[in-house]
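Each of the two complexes below includes subunit A, the first together with subunit B, the second together with subunit C.
On to the complex of A and B.
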């Protein structure tokens, strides 16, 4: 009788456990170098406050997306268009699509920050009457200025794989080594370009799963609660 | 001895029932959702004219977003309106779905951007122009302006949460010599930005073949286009899908349908 009871008990338990077995998920390959959506460290807190912040595009694409990201972080940080002759102001982001390094002005002892939106659009370049070689030259001038401690560069790439390639990568090669920080939506790192850059140039890289996740980075940079 | 056997039997019965009960409660069954009953209606706009066209409305008893899909604003961008035409056979979505497959009906029949495209806009004695440059149109304007006006009246009527305009381009954005806007999703206002990127990211990651051109996000809808007008005048998420006409028609239709499927999926998640 005891044997019968034990047998039944084991059978029921086994069937029960098998029935409750959760559906197996395919284990995804994990890349130890990629950690998504991490908060910026305290080193970057306030990096963009109380100083002039400029926004430009190297490749003439995705700058409006970055403006939307900044606006989503805070409407208290207006993004103003600056044209030749007009000045950038503190506590705002000054946008100019064809900004050149010599237009970036120091404000007392505080170095200005330049947000470089990378990723080339053939149509955008054509509409702006420029080409990727000229954009690269603009990028090189920013890099040179950053290397000689005249400004801080933050490299942004939000357009994913579509905004990488032969008209974008040379521009990235020019600016990434001189950047203080790289903020990238993961699709743009499909070939580990940015992961390799961070290892090679020791520039911090933050990868985001979606454009909307990058909002948190700007909250840190502008110290927004 | 018999009494002992009886009590063992009793205890074991209780124990088995208890274990069975525990096991069953652990295997929690999902809560059954009510059936999705979709009511399909259709009606004509611009009635009794040669550009009369049909509006299809799918209204579910279950809550969900209101999504408007417009195809055929340009008649030669065939994959867009053929995909929209295919969508009217589907009736499994929640919320309200409004589909106007052949917005510029005569242009779709002629498979031209607009009637009379190669004859200074004159077709059969009537002057037409590019419908996608004159939104919001006018009730008493030219024929093309009247079509635009009628379409905007449908937007006004339903106040959709999502507006999708299906188009095509002659070349890809990735064309090195002369890039256009093929293989792109174009957003119409800042509210639509993140949604457009999420949609394209998912499409690129999960649906494209390795050799396919990745889709890109853009925001350059021209003034007077349906996208630009709706983006600036409504609270909706406004998107234009632009497939690349250098690909096979069947592939382009498949891409349009897949992007719309992703849109429905993300819209239902409603986390934007």
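On to the complex of A and C.
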């Protein structure tokens, strides 16, 4: 009996000690964009000049903020409201909150650029009479068009952690793989979603400490001194 | 031990007397608090005129709710803004920001309307079971100023009892019964309604009758509340709010913009935007003293926002915004107001009424570095 108790005690102690072994931490993935507020490389210089540039929101939020960033980069680039069927203008940013891929027109050989402002707002979606599923469907159409070389997509996320979650992430999943560039305010990358995307899809990512720091990116895109 | 009937009567009488004494002492304390009038220093030749709420909601005359509206007119006519402070007296940066502007700004163009005690009845009592400090003090250059820390709701002495369910008058939306005494669930108000609705009606009518272009309602929220360090804007005002937030971002002060929900009624940013032509905004800062996970309530908590439980919660990352010092909360509100006015000038400045020109607004950095007291006037001067 004594031997049995001793055996059981030894077994319990052994399993107990194994259970106490600290979990090994996953080695951190290499993050190529940890440095914030970097200037865009010369590859992106002029990307938005002499082309039709469209601005829309997937999630009905933060588009006014992006307009402020563009205006801060240069008041020489006007942001015009466009209505269905009207032509976008070269050397202007044509804004439409519910823009669909089929409205984006080519201008000769030059591919148009679509700035996609991501980040869903429940209040914004409700006010616009839409929902995140419909926004995702719009996003998928843009992605399909970009994949078939009909347009260039730039994904923007400026609303921080509050603009991430179940109504935003599926939209990001749809558009990020097809983007030419992702410009993100770092609060939105709290879970490294965008750094993981850049590794997985090989899409360049630039992170900014705050919205105002993103102004430099638009200066490069529009080649503004 | 069995007590005699005589001893029982004696003990009962003694307990009743003790209860009566304690009730009278605490009652006198509350009476003193209710009667205390917070002083606001009105600068001669700067304050153009003072109006009463009863001008716009006559049934408030001779009631505690007949608050003052301070009006500062510029030399040149121009657009107008209403700053609402003191909607919720347990959100001190609201009243302090309104007071700081009242006692400092010079208006060159346009008109600034300032309310420092929007719901004056709520300044006459404190929130039951919160054990909050009744007063807090701000050291000024030559002394100190005393302010009251009141309740979120109208005093029961003005409005009682609460219904089981509060039905918002114009929308029919059902709300929590306590919200029947919440000014920020009573807009647009009603001339013949409850006390709180009469107060809301006065503010709405003030905006309509004076054709006020911009309304900014100042608030605070507990650090665990989602809408914090934010500007909430009516849908007609979102482009101004986004521009204002971006201007603040350029200054290194981060603030979120939220669009006023169309299906949540009674709030200033919803109803003042719907029922008047004003561009309606509501600003929120982070206030530990109204939060639910704080420890002991002290006057220091109101001022510094320091609390070991909030500190722990902040370290665990479960707060939407860490609580900060009252100086920073007031500085945020002042910068928000300045940014909204500048954004308004950018977007609407070319209209007939032109731009606001308001001088001597203390900067964000200066308020934090010098403290609020530096900008509050000594009432004895």
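Here, the second predicted complex is superposed on the first by the 192 of 225 C-alpha atoms of A that agree within 3 Å, B and C clash if a C-alpha of one lies under 4 Å from a C-alpha of the other, contacts with A are read in each partner's own complex, and residues count from 1 in each chain.
Here is the rule we use: contacts are C-beta pairs under 8 Å (C-beta built on N, C-alpha and C of every residue); 3 or more make two chains touch, one makes a residue touch a chain.
Just so you know, these numbers come straight off a predicted model, no measurement behind them.
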Message: Per the contact definition in the header, classify A:123: touching subunit B only (first), subunit C only (second), both, or neither.
response: both
- request: Applying the touch criterion given at the start, work out whether A:162 contacts subunit B, subunit C, both or neither, answering first, second, both or neither.
  value: both
Query: Can A:212 be said to touch subunit B (first), subunit C (second), both, or neither?
result: both
- prompt: Is there a shared patch on subunit A that both subunit B and subunit C touch, and which residues make it up?
  reply: 61-62, 64-65, 67-68, 72, 121, 123-124, 126-127, 159-160, 162, 210-212
Task: Would you tell me which residues of subunit B are touching subunit A in their complex?
output: 5, 8-9, 12, 15-16, 19-20, 22-24, 26-27, 173-176, 179-181, 183, 190, 193-194, 197-198, 200-201, 204-205, 213-220, 272
Message: So in the complex, the part of subunit A that touches subunit C is made up of which residues?
response: 61-62, 64-65, 67-69, 72, 121, 123-124, 126-127, 159-160, 162, 210-212
Message: Under the stated contact criterion, what part of subunit A meets subunit B in this complex?
response: 1-2, 5, 8-9, 12-13, 15-17, 19-20, 61-62, 64-65, 67-68, 71-72, 121-124, 126-127, 158-163, 165, 185, 187, 210-212
- prompt: Residues of subunit C touching subunit A in their complex?
  reply: 226, 235, 238-239, 241-243, 245-246, 249-250, 252, 254, 256-263
